[in-house]
Amino acid sequence: MTARTLLGLAFAGLVLIALAALPFFAGPYAVTLMIGMTGYVVLATAWGLFSGPTRYVSLATVAFFGIGAYTVGVLSETLPYPLVLLVAALIGLAVALVVGLSTLRLAGVYFVIFTFGLAELIRQVVTWYEVNVTGTLGRYIFLPVTPEGIYWQLLALAAATFLISWGIGRTRWGLALKVIGDDEVVASHCGIDITRLKLALFATSAVIITLVGAIQAPRWTYIEPSIVFNPTISFLTLIMALLGGADRLWGPLLGAIPLFLLFEWLSANFPNHYPIILGLVFIAIVFLLPKGVLAALESRLGKGGAK
Amino acid sequence: MSELLALTGLTKRFGGLTAVNAVSFSLERGEVVGLLGPNGSGKTTVLNMISGFLPPTGGRITLNGDAISGLGPNHIAKMGVARTFQLVRALPSLTVAENVIAALAFGRQKLWDAVARDAALHHLSAVGLAGRADQPAGSLTYIDQKRMELARALAAEPELLLLDEWLAGLNPTELKTGIDLILSLKDRGITVLLVEHVMDAIRALCGRSIVMNAGRKIADGPTAETLKDPEVVRAYLGDGHV
Amino acid sequence: MFEIRDLSLHYGQHLALDHVAATVGKGETVVILGANGAGKSSLLKAAAGLVKPDPGASIRFAGADIVSRPAHLVLEAGIALVPEGRGVFGDLTVEENLALGAYAKRARAHGKTSRDLVYSLFPKLADRRKQFVNTMSGGEQQMVAIGRALMSKPDLLMLDEPSLGLAPVVVGELFAALGRVRESGLALLIVEQNVRMSLSIADRGYLMEAGRIVGENTATALMNDDAVKRAFLGATV
Amino acid sequence: MLVTAVLSGLVLGGTYALLAMGLTLQYGIARIMNLAYGETIIAAAFLAYVLFTGSSVNPVLGLLAAVPLGFAFGYFVYGLMMRPLVRRARSRENLEIDSILATFGLLFVLQGVMLVLFGSNYTSYSYLNVGVNVLGTNIAANRLLAFLLAIVLGGGLYLLLTRTLWGTALRAVAVSPGSAPLVGIDVDRAARFAFAIGGALAAAGGVAISMYQTFTATAGVVFTMKALIVVIMGGVGNVLGALLSGLMLGLVETFVATYLDPGLTLAATYLIFLAILLWRPAGLFGRAAR
Amino acid sequence: QDRTSVKIGYAISKTGPNAGGAGITTLPNYQLWVKDVNDAGGLELPDGKKLPIEVIEYDDRSTSEELVRAVERLATQDEADFILAPWGTGFNLAAAPLFDRYGYPQLAVSSVTDKAPDFVKRWTKSFWMLGGGHDYAGALAGIIKKAAADGTLNNKVAMVSVADGFGIDLVTAARPAFEAAGIEVVYDKTYPIGTSDFTPMINEAKASGADSFVAFSYPPDTFALTQQSQVADFNPKLLYLGVGTGFPIYGKNNGDNATGIMSLGGIDPANAENAAYRKRHEEVTGQGPDYWGSVITYASLQMLQEAIKRKGLDREAVSAELSTGTFQTVLGETKMEDNQLRTLWWTGQWQNGQFVGIAPADRAGASQPILPRQGWKK
């Protein structure tokens, strides 16, 4: 490890500590805001982990998110909290492996819509099961988790996600992913085991997303499939990551934070014209930042000499 | 000399079309062999099956005596087979060096970091791309991309190299350089199976050639002889060509 | 008939063509020789309207300035290109590719006769008319590309390395066919590494180097030029 | 029972097919992944509603207004928003991402405008809601109309795309836009037309469903996603595929609801969809665009 | 300090799948009430002073997480004096812990839950004002039982329900209620949200031999069921359809054909205040109120207004007053029981162009059910 990497890590550590200390200085609304924001940062980064380099655009985000939330809904009364999270992660992993294996032959938009269909299928199956087997639909979550607790958990998850993403980028696996993204045929002829690599990465990304759902669920007290399997979550995640630049470590973060704040600001100030303004801003962004936020920043900085 | 690659009764069907029909031949270690035949006779398909890109419909392929038919390309690559593609497949969003490092990192030696970069630069200069390492691969001309593809194939330190019309499109000067390059591979003990339509190159490089027509093998022997075979002349070379 | 003047072209910072001037007369066959990267393909692409040259260039064809026309209108004017890498419609059948060749207004009326001509030049295509082009061998695809260009009834046909990947027998047939096509009054502009073959059917040739035209002569003269011999005809092997 | 199930399945599927065909053109040929597609449908539905309740213009006549408007809207949107994106795109993927992002914005704008104009209420009216006896089964005349519209438009488009040179040119643009100019096709114009026809089809679909389905200003996404499923199942750019897979989905839903459990209809839809993709990763007819 | 206004905030689904429901039952009433109050000079405080209402409005975009954040912002950033409840059972539950934590009374109208008695213990300032599935199901069972005893109907019911919180709550309550009433459920299926074609279910129900058809459905489903039953000539003697039957557009679209159709809610047609409210609602918001939750939403706001008048802006005191006080509202005299509103119309029926309450039959103002309902007119 070079001195620069160490310095970078130390800096990241300091930022993390500062963020973790936030609830002691800022009010409850700030914590709430940070929960939402960190949630999307993790979702977008985890999404970019798989979809960025491989360019498989996944809309299955909410499937895993919902699985996480539902697991908490089902088990929160019966198991201790850490175990519930563990079980959620394991279920997410299992589903991810099945999904990953079944999607291997799909490419492009077929993959996109397949993953969307999958999320909806899972939602339908959960609904049907609840209706016909357990005979209830909504689930109550009365866990004694404070907003601060949720925030810290998400922050830790964010740190872990960045660490994983950064680590992959530095190893040959990072290169392998870029190769896969460009041309799978070449990748396999270079000796890369595409199947295994894609599967491992998809599973990692899915487990992280599952955990986001599981960690956030206690905030809503009550969950039902239409709440936790809301496809908007998949769309927002995708949009944020793409906007920031999904193939770079910090890209999704730089998409998620400004977009999240934009949503927040617009819905606070223009509750009646929110969609119109949001849409226009969105179109403007696409036209003004053609390569994503991070690339735009980089070229700015690049002109200033530092890269 | 010992046998490196053996094909027995290799067959590939696409729907109703039999692209490769019960082809058998073997390659000795260190040989440079030409695989010739009219367009659409199944040469590329044979290479595709050897490299694992296509599963054979029937027949068997062995490398060093181990069956490789049906294995995935990544396994076969690790067993020492590398190739170039008839229509170049560069990795356009990567740099030239990264294109080569991809093969180094996942090939047999698994090089990474500075070592890999040094090795990549070495392979690049061997194919005449010294100094182009940090260019995006997409900005190379077609021919330079072919060179890069060869560097990538060589980076895997293959025992068997499959070249699919790698010399096509070179002018005579460049062709000469290309031929010398392949000859140097031969000296390093790499076995080469070469699909090519440039007869000058075939004559210069291949002691032996195999000719296919309509999916079948129609000739196999010393190049000078096969190229005189009346069937080969009729089907492939044309009467004007002697 | 066809005249290029002051044609320069930049890819970003890189100067690919540097004040190129060239002409092709009516019914004339011209080859362009040059090393890899000399800018031959770029020249053809610029002429076809596929890349935009630097301002100041002039490309005149049959009296009209076509330099700023988009590619589809250049074709309409009578210039067809068989590009490097073929540019066929892989997911369409042979038949459909050829039919589209006659999409240009100037060609529509002649669809049937052109098709018969193409099938007689490349009988293999007639056998495979229903096959999807991306499942064909490299050489077969090249035939489709040339056939498709002929379908547009061009006055000038530009070919970028047409013999690339073709079996010797087909190359022979191709040049024979080009020779025949030429008889019908079609002008040809050919970029080709098979210099011997191409010069054998050509009237004139240009030599290109690093984006510039560095020489021009009749085909016979070029064939006997020592420098050309050394660089392109290579009695080396 | 069986006849009834088949007929109502076909009629339901006709709606799906009708809604999907425009999208398959927009995505398959113009290469624009139009997330605002459903909003076009809803806008047309509102138009039909306003015409019907406001000026008592019946929706069949409403089609005559909505279809050209849909075409014009598509033409306009492509020229204004999509063309610059197409021009700057370096690869198909780039364009895909850009068009997803841009039409995501458009989706919100359209939705917002409709919210301002019509509010968020459930909207519905009733037209031709009478049973027509077909082989002994009562079928709603309005749905039958939508079904016929789907068949006629789908069949017509299919013939147009496969039997005419112009249609073949559209497909050529779909498969390799880079090569199309080489044969004299104005890619920009072709894509714009395809996109506009897609808009016209969406409008036709919107008018048709407004006759029997309740809609809200925010319901567009549902239609977009359903249409996408049908498009993907049939194979991108494949009009016949969209038609057949739409009908098939309708049949599946009706059969599951009749013989299994209405609670499983959507699950079955998605299951069939996923199974088909696993079996044929490029959709039912997904090799060539036709 | 010198206040010049009272800040009242709410977060509601203006976009997304819940916007349709919120846009009819909740939002127009919030707007109407604010206008009514401000037109009258503002909210009156115990000292007789009137302060205008300053509205802070957010869109929760039909997402729980957005709602939670918006409520948190209302409470801590905007320091709203009062926060009005969101729309929907799930959303009221998501917001409940926050209302509780920051000490706001929560007048949850649009949420139907049988767990209200538990919730009022957990969140002592929460009020649940639309009853639970058992109430509605029990009332319906009573009506069918009675009509079956008369011989007006047979004792068979065909039943469908939407697979979402509301439909499932009601259907799980209905099954035991019907059983207890000796009613045989001959067809009982659940369908997913978003279903648009009900033909198979209607055909099955038609073939089942039941005189009563019950659907615990959402508005789009309710509209579709009505239309498709007409097409299929399905004429059950008792037709009960879920949410949406009480929407003004339902009466408008179906005209005379609506007559006899039953659903949840209803009004007392003789209640003049209610009639006046309906008229004003239509004038101010441009649309009529629905016949179920709307008037209760408005009444809940009147209760809040009155409690503020009595106790001022002290939320603790206002909550206590809401709990114990008696209020004069558009519903008439209104009072919470154990923080729940229990005097409700459990079943209503379209009669003479109005959707009138028919159960509980012993409640003042109840109309007589008309059975069997007339067949479809073409």
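For reference, chains read A, B, C, D and E in written order, and residue numbers begin at 1 within each chain.
Throughout what follows, a contact is a pair of C-beta atoms (placed from the backbone, for glycine too) under 8 Å apart; a residue touches a chain by one contact, two chains touch by 3 or more.
For clarity, every value in this text was computed on a predicted model and none was experimentally measured.
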Chain labels contacting chain B and also chain C: none
Centroid comparison with chain B (C-alpha atoms), farthest chain: E
Chain pair, A-D or A-B, that carries the greater number of C-beta contacts: A-D
Approximate Å spacing (C-alpha centroids) for the pair chain A, chain D: 31
Between chain C and chain D, centroid-to-centroid distance (C-alpha), Å: 42
Whole-Å gap separating chain A and chain E, where each centre is the average of the chain's CA atoms: 37
Where chain B touches two or more other chains at once, by residue number: none
Junction residues of chain C, two or more chains touched: none
Residue numbers of chain D (touch at least two other chains): 111, 115, 263, 266-267
Chain pairs in mutual contact under the definition given at the outset: A-B, A-D, A-E, B-C, C-D, D-E
Chain E - residues contacting chain D, complex: 14-17, 19-20, 22-24, 160, 163, 189-192, 194-197, 199-201, 203-204, 219-220, 223-224, 227-228, 230-233, 244, 247, 249, 253-254, 287, 378
Touching residues (chain side chain A, partner chain B) in the complex: 171-172, 175-176, 178-179, 181-183, 185-194
Interface residues, chain E side, partner chain A - complex: 14-17, 57-59, 61-66, 68-70, 72-73, 75-77, 89-90, 93-94, 96-97, 122, 163-165, 168-169, 172, 190, 192-193
Residue ranges of chain C touching chain B (in the complex, touch as defined): 11, 33, 35-37, 41, 84-85, 124, 135-140, 142-143, 161, 164-173, 193, 195, 230-234, 236-237
Chain D contact footprint on chain A (complex, rising order): 55, 102, 105-107, 109-110, 113-114, 116-118, 120-121, 124-125, 127-128, 131-132, 231, 235, 238-239, 242-243, 272-283, 285-287, 290
